[in-house]
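Each of the two complexes below includes subunit A, the first together with subunit B, the second together with subunit C.
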Partner chain A sequence: MRGMVVPKDSLGELVSKLSDRYKIFGPKRKGTEWIFGEVESADEMDLRYSTTILPPRKFFLPTSERLFSFRMDGRVEEPEEPDIPALIFGIHSCDLNALLLLDAVFSSGQFPLPSYVKRRERTALVALTCTEVGDHCFCESMGTGPSPAGGYDVLLTDLEGEYLMESGSRRGDEILALARGREASKGDFDRKAEAIERAKSKFKRRVDLRDIDELFLKNLDNPIWERLGEKDLACGLCVNSCPTCFCFDVRDKLDFPMDSGVRYKEWDACVLLEFSQVALGGNFRRDRSARIRQFIGHNLGWGGASQFREFRGKAKCVGCGRCIRYCPAGIDLTEVLKELRGA
Partner chain B sequence: MRLENPYLAEECVIKGSRRQTPDVYTYAISYPRGSRRLRTPFMPGQFIMISVLGIGEAPFSFSAWDDEKAIFETTIRTVGNVTSAIMRRGEGQRIWVRGPYGRGWPMEEARGKDILIVAGGIGMAPLRPVIEMVARNRRSYGGLEILYGAKTPEDLLFADEFDSWRSIPGAELLLTVDSVPRGTKWDHGVGVVTTLFDKIRTEPNDSIVMMCGPEIMMKFAVKGLLAMGFRPEDIYLSLERRMECGVAQCGHCQIGPKFVCKDGPVFPYSELRGLPDLLA
Partner chain C sequence: MKPKLAVVKMTGCAGCQMEVLRIEDKLLDLTGAVEIAYFYMATSANRHGPYDIVLVEGSVSTPRELRELKELRDGAKLLIALGDCACSGCLPSIVNWVPPEESAKVYERFLEIHSRKESFQRVSPLSAHVRVDLELRGCPPNRDAILEALKGALLGIRPFLREHPVCVECKLKENACLLVCEGRPCMGPVTAAGCGAACPSNGRVCEGCYGPMSDANASSLAEIFARRCGLSQEDIVRKFRKYAGLMPAFSKEAGGKI
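Coming up: the complex of A and B.
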């Protein structure tokens, strides 16, 4: 099955059928923004959303998660990851590509993280070609959007009044089998291409990725980092809202009366002071300038394919624009890049 | 197939400890053979994650390893929560260990070559297995020159082994300290480790340098060695970074595109040149 076209008003029926098999998470309104939250029907979702506050990374790497529980006598218990099939409905191309980078960190390396691998396996991804390009978006320049090239089970593209549904996996075939519509024609794929072109014309931000690793490594002493360090509040919003930031702390917590406890991991951020601190107070990124350089350098420069051979994308950054949107100090990595290029 | 949780550690037992300096102890730790969570053989320069349940986990190098007795040694300076908790645990008590991780010293590349060791303070701990390996396989390696500096004479680790190191055929041990307290007998150098450099007899050609110490020491030592004609790809450094996972996931140890836990902790200087947040 190459693809099918379904009328927009049949989406409710499809979501209802899917909700029998999957716990569904989709884009929902929250005030003036959107979030990914659990939904039971298509009405609860807003598929014309721009970007959610937090990316779907939270479903695969929760803010805090138990690595194992222990008793002080040494007995250890591993967490059981539930088997409930989940489905993320309407994930944009940027956030989908971000999962491919997280895969390089947590599933394709030498030491896969079982909880992550299981969550990825049990979660179906129904992606959405993005037509709602926001002011901060630049996925097109990063090669990660507005429509994904793969990594989805199903890809939806809004063709005005109807959706083109394409399958990208066996699970996708099963989902398409639940939908009611007609087989897609060449004309429908042409309309998809037009929708993508229309979306592309909306981008206000573009970045130039030529020789980008080298550019950052050549500019480690550029005075821009000092200036950004002065501005930076080191609040960590950029990292927390980033779809590809993966860093975490590992800690122990004892339960009362101290005969048992848990070892758990919790989101951490390179822009925070303690992140690179070692014994005796040594700190390899004490200055804010070094920390913001790490965040931006890792995202645009040395963090993508040059860090993970398994990752086929270009940079760690997928161009979702969240870090720009939420930065209280107005730090904008696309502007930093322009300045480094001398533009 | 059920995936192994990489964060689960092996239960090990502290068999004993020896005081090295006022705040450094070497612990002998016995481990169960055939464990997947603590895999042997160890390679000199790799590291392990040691934890005390309820306190936390930290990375350490191991300073000796004997697979026949199923015992390894680790030399630890008591500076924080985990290291203090390890020190408080006496003989017979349990600790949890996983690893080893990372890339160790270039023992293969060093075969047939002269080895120059440059160590500062606690930095001698991960180099001790190199000295032992050379001693055990004496004919596989060329000359062995050891330069070792510390703050004061009592901060030198493994002082009781210096004579046996000197007795390794073709080995040389040069010592220096920053200062000598009044009344302490001291027949060696005074000054930072680079003040020993004009005594180096190792020729830059066909030799390997292995270095571990505070990063500020390594910065000047690398500079000195490069000036003497040692090649960047022959100078190996072991780096310290914050590590919470050991398996290239937690992100703390990153230097540019490198994970110190996975790509290191031992790197040839040629791989580090030009990277951020380094040798400051």
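Coming up: the complex of A and C.
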């Protein structure tokens, strides 16, 4: 395995070199929270961030995007995709694994989404091993952290005072070539393994995934869903902050004087009433209890049993904890799971 | 022949018709598509009804307004409630909870106020009296929603107006949640979107001016206001009463039916 060890204070120089080639996005402070935003230097980033308000999927599946514009005479025009290489700096293991799950849906499979594929190809990912664990995190239980096994171009691990930099791709090799440091030794990789073990001991939340599909299918009528429905605000914060939720709506909008218009796509959320509404006001999930059951069930259980066979039996949830952190009603899917198990 | 459009005012502040004027760059396109037959704020050439498309701003608070509303409805192909007063009663509807003797303490010549003099005593949304084809929520409604409504009226299709909560727009703007992160009493989770999360994006809690969203869980939010934000019962009632206390989704938290 090829790796380098770089002093922490050389990161600024590396980011500045990278900014010649890439548009760089990294974790930045916003109020009490963090977001992934454009940065020009390493100083603007806070690599000790806990999590971001929106997950990195926003770069690959924008919250709202124009698919094409049309004229009533039949002319159709697709938007030009800007071809600027981008780099996401400091992506956590949960969010990286979330992208790998989205790849299974949008890159491979029967119907790849060309815009997604293109964006993934032109975006470099510099991942970060988590050495601290947030109050809401449970990636270890989901097998998605605290350090990624692959899928990155570069992986950084904080070894106190310096970073271990590993390459995971040819693009990663190129990035490593820009860094100033020394070749990593076996001892450095041992220090990384120790840092991961230390992080693992800090998790406050764990989930038990044994026979999870069966557990959910057995509990479709459990009274817990009614109780959650009474608390649930159906505000959509859980879905919109989820790194693997991928549902969207497609709409047309006409311009005045109505001889032209656009077709656009925007994020949708299964916890909202309108999501499952059909013609004449029919609705498959009118009650909040049915919608919160869908959200939790789809995330933890029936990942393998459902139509999303692209996930190959893996749960959709990556344990990032955003839906717990941002729920105003205090709904916590790890607690729900415990209750379903009768614990 | 172009359809005749009327913009009519009842009890309200005229801010909603002001918003119709604010479609500025599209106003000429609009005048190309419809004949503006009555719009007191915009023209002095106002004609008598009937009109095809009627935008009614304001709530109903006097018998005269009620007569006018019924007349407009009878002549109209489409009657659109323009803004919160017309949709839910909005700020003027707070008077419904105020005993007349309280109002008399504030207003010196109380009986000169039309709505009081005519002993109508209540403010109500349009839908309490006539069939309303479309409601444009907000105080005032967003100009894009007004345009979508007019385009829908001209095409004969129901415009797409999202009724999901403000939280959706707020989250997509990547605002740190005021309720969760700062424990402030934000009405976003129960309030219909359309404003682009204007207040929370500027660090202010949502006041609820678009009225209840499609599936508002008022009792759960009221409980969160009490437990998490430390609001008193009186304050919670005021929050839910302010813009849409007459709406069934809020009426219990607004202090019960009146």
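Heads up, the rule we're going with is that the second predicted complex is superposed on the first by the 332 of 343 C-alpha atoms of A that agree within 3 Å, B and C clash if a C-alpha of one lies under 4 Å from a C-alpha of the other, contacts with A are read in each partner's own complex, and residues count from 1 in each chain.
Everything below uses one rule, namely that a contact is a pair of C-beta atoms (placed from the backbone, for glycine too) under 8 Å apart; a residue touches a chain by one contact, two chains touch by 3 or more.
Since the model is a prediction, treat every value here as computed from it, not as a measurement.
**Student:** Going by the contact rule set out at the top, does A:Ala177 touch subunit B (first), subunit C (second), both, or neither?
**Tutor:** neither
**Student:** Does subunit B (first) or subunit C (second) touch A:Thr63, or do both, or does neither?
**Tutor:** Only subunit C is touched by A:Thr63; subunit B is not.
**Student:** Can A:Thr32 be said to touch subunit B (first), subunit C (second), both, or neither?
**Tutor:** second
**Student:** Have a look at where A:Ala193 lands relative to subunit B and subunit C in the superposition and call it first, second, both or neither.
**Tutor:** The answer is neither, since A:Ala193 touches no partner chain.
**Student:** Touch check for A:Pro257: first (subunit B), second (subunit C), both, or neither?
**Tutor:** second
**Student:** In the superposed model, does subunit B or subunit C contact more residues of subunit A?
**Tutor:** Touching more of subunit A: B.
**Student:** I'd like to know which partner A:Gly297 touches here: subunit B for first, subunit C for second, both or neither.
**Tutor:** It touches subunit B, and subunit C stays clear.
**Student:** By the touch definition at the top of the document, which applies to A:Leu237: first (subunit B), second (subunit C), both, or neither?
**Tutor:** Second partner only, subunit C.
**Student:** Starting from the residues of subunit A touching subunit B, keep only those that also touch subunit C in the other complex, and list them.
**Tutor:** Subunit A residues touching both partners: 251, 254, 258.
**Student:** Can you tell me which positions in subunit C touch subunit A when the two form their complex?
**Tutor:** Against subunit A, the touching part of subunit C is residues 26, 29-30, 32-33, 147-148, 151, 154-155, 160, 162-165, 167-168, 171-172, 174-177, 179-182, 188-190, 214-215, 217, 219-221, 224.
**Student:** Note which residues of subunit A are touching subunit C in the complex, please.
**Tutor:** Touch list, subunit A to subunit C: 30-33, 35, 53-54, 63-64, 230-237, 240-241, 251, 253-254, 256-258, 267, 269, 272-274, 288, 325-329.
**Student:** Which positions of subunit B touch subunit A when the two form their complex?
**Tutor:** Residues 2-8, 11, 51, 53-57, 77, 79-80, 83, 94, 240-242, 244-245, 247-252, 254, 256-257, 262, 274-278, 280.
**Student:** Which subunit A residues qualify as touching subunit B in the complex?
**Tutor:** Its residues touching subunit B are 67-68, 70, 72, 74, 76, 78, 105-106, 109-114, 117, 213, 217, 220, 246-252, 254, 258, 261, 263, 265, 268, 270, 275-280, 282, 284-285, 290, 293-294, 297-298, 302-303, 306-307.
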